[in-house]
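One chain, subunit A, appears in both complexes that follow, with subunit B as partner in the first and subunit C in the second.
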Partner chain A sequence: MEDQGLIKKTVDEHGTEDLMVVLGTPDAESAGIFAETVTIGDPAFSGPLAGVQLGLPVYHVLEPEVKEAADPQVFEDEVSLMEISLDVEAISKEVRRFREKIKQE
Partner chain B sequence: MGYPVVQGASYILAHAPDLVQYGSKPRREIPKDPELLEKIQSSLRDFTAAKDYPPHQVFLGNREPEELWEMEQPWYENALQNSPRKGKWGEIFPEEEFYGWLKIADQFDLIHYTKEATEKIRAALSDHSLVEPEDLESLGEGDSEDQIKNFISQGALELYLKGDLIGCIRDGHDEDKNLTADILLENLSVKTTGFLAVKSLLENIDQKEEDIAFVINCGEEGVGDRYQRGAGNLAKAIAEMGGLENSTGADVKAFCNAPMHASVIAASLIDSGVFDHIVLVGGASMAKLGMKMQGHLENDMPIMEDVLAGTAVLFSKDDQVNPQIRLDTIGKHDVKMASSQQAILSALVDKPLQNNGLTIFDVDKYSSELHNPEITVPAGSGNVPHNNYRLIGSFAVKHGLLDVDELDEFEKKYGMPGFSPTQGHIASALPFLGFARERILKGEMTRTLFLGKGSLFLAKMTKTSDGMSFILEENSNSTQ
Partner chain C sequence: MFEGKKVMCIGERDGIPGPAIEKIIESAGGKSILSLTQCFV
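Up next is the complex of A and B:
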């Protein structure tokens, strides 16, 4: 909820043009909830982004696009364990779904 | 003489559906939505449903944690039948009994019940094994309904039982924001549940109250006034209420990681010979009632965060019987370390094991943050213990000791399902301590690793994380 407020504040201050959201959530379900929140709006209609359609590009930290852009050593030290333990494919699929949804709109 | 031992642990619950509206989240949301209070009230569980809820029966010690994996989910729709309210480690208290203890804990005449409610509470408490005659006396006779209404008109917070107004709690000071009725209700709830956990502990172990020299409170609430916010000493207040007359105490704060810090401090004070017996206590987090209610209401579930919880542990000098805390394998998250989950778990699990010539598989069970997933998943917070176990297993994958396809099996063997209410520090690893001690004493296990983490950023003072771990191991000097 606090993150929603922070994202809204950042958008209010800097606009959406140069802004991207990188998620670190541990499963497809929560990744989907957060991806929906920063694209279509808070599905729970309870936070600062309820009814606010930001349409921000959103990625999960384990998606190939992010991995390729990251410093390999930092990725190894900080998130490689997540890559082993989490269902990267399911998470990526869920986040991509919302990315594609905003592209279509 | 070897490392200090764990002589016992207790876990209690207090069913508090009428206090859910005073949890932090409901208190903020109710004014925004005129229909919300009614929605909350119509989604509350009764005492039997809370008592028979499978994770609660595990928390109290009547079922083993792993049994939850075999039970059909959702657990709230597949409750056990006629479960006892008392378990091996403690019991679940109905709300009216909790209200009684709350009044007994109040030394400043803050809580007032009507005469009718007072009699009802007295009758409910009178046969309880923990009640002393002076406790029943301190309930008083109660106030007239007019007097209660008068207090409420002056700003006192209403107290309800099964939806009926039964009394109120008054502010502790005319101007002090730290002593308002809602904060004092939170603080008295911590004192009360902490006391109930300490008494349940002492009821179940063979150690005299007068032998306890020190109490460490690791609960999250900080008590205090305008000049020293959070600086008070709940440990000593709980020790006094629990009749630990030869004891003093102090509070240790580190958010959800406080139980780990407190355990290591307690064991170290004993190992250094300062004290022989120390009680660790953690009372409830009233602010967390209804914390994830929106996820529950959206999914047509009952409000799952309707219980307050408390825990207590007795640490003692080596008795050559009970399992010991290995003070040479403490894991800690240092300032220089990154705050990613990987960095934290490396500091708490991988490094201390490696430094002591142990592998991931030399630990029989890992007790991490044991939040009940049925509470957290619908609110988008994920299955916390499941994620932790997969991460711990991933170290073995990285070291070439395990195949990635074997992570599920690893979780089943070395982990457990979450069964603790989401009461912050309460869920942090210690709920398994009673089981671990028992299994090690029976020879079913050799060692358990307990690990906790703390979100220090919440206080806006630092962005670093926190974490600590310790190993509980069979007694190396055991004569049995």
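Up next is the complex of A and C:
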């Protein structure tokens, strides 16, 4: 909840142009909740982003697009272990769903 | 993809923490403007 306030404050300061969100959530469910929060608004309707449609492009750090863009050594050092232990495919699918939703609007 | 972009890095303690995301994004040419590590206990 406190973090939603920080996100909103950051968006208010910087605007949404050229702004993206990258998540580090451990599973598809939490990835979906956060992806929804920064695209179409807080699904629980309880935080500062309830009803706030930021429409930001959102990725998970383990998605192939991010891996391709990153320095391979940095990616290896920082997240290679998590890449093995988390369900990257399910997480990617969930985050992509919200990314595509904002593209359609 | 991240070149010239401002990025909010929203990490999680049980997943990937904010500072690790930040390093990856900066290695890809993005600029981190917010780094969080959420903790759900």
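The working rule: the second predicted complex is superposed on the first by the 105 of 105 C-alpha atoms of A that agree within 3 Å, B and C clash if a C-alpha of one lies under 4 Å from a C-alpha of the other, contacts with A are read in each partner's own complex, and residues count from 1 in each chain.
Basically, a contact is a pair of C-beta atoms (placed from the backbone, for glycine too) under 8 Å apart; a residue touches a chain by one contact, two chains touch by 3 or more.
Everything quoted here is computed from the prediction, not taken from an experiment.
Of the two partners subunit B and subunit C, it is C that touches the larger number of subunit A residues.
Once the two complexes are laid over each other on the shared chain, residue contacts for A:70 go to subunit C alone; subunit B is not touched. When the shared chain is aligned, subunit C comes close enough to touch A:10, but subunit B does not. Judged by the touch definition given at the top, the superposed model places A:89 against neither subunit B nor subunit C. In the superposition on chain A, A:34 makes contact with both subunit B and subunit C.
In the superposition on chain A, A:80 makes contact with subunit B only, while subunit C stays out of contact range.
Looking at the shared chain after the overlay, A:20 reaches subunit C, while subunit B stays out of its contact range. Of the two partner chains placed by superposition, only subunit B is touched by A:44; subunit C is not.
Touched by subunit B in one complex and by subunit C in the other are residues 25-27, 30, 34, 77-79, 82, 86 of subunit A. Within the complex formed with subunit C, the residues of subunit A that make contact are 3, 6-7, 10, 14, 18-27, 30, 34, 38, 56, 61-62, 65-66, 68-71, 74-75, 77-79, 82, 86. Within the complex formed with subunit A, the subunit C residues making contact are 1-2, 4-12, 14-18, 20-21, 23-25, 27-30, 33-34, 36-38.
Residues 29, 294-295, 298, 338, 340-343, 345, 377, 380-383, 387, 390-391, 393-395, 397-398, 404, 407 of subunit B are the ones touching subunit A in the complex.
Put simply, subunit A touches subunit B in their complex at residues 25-27, 29-30, 33-34, 44, 46, 77-82, 84-86.
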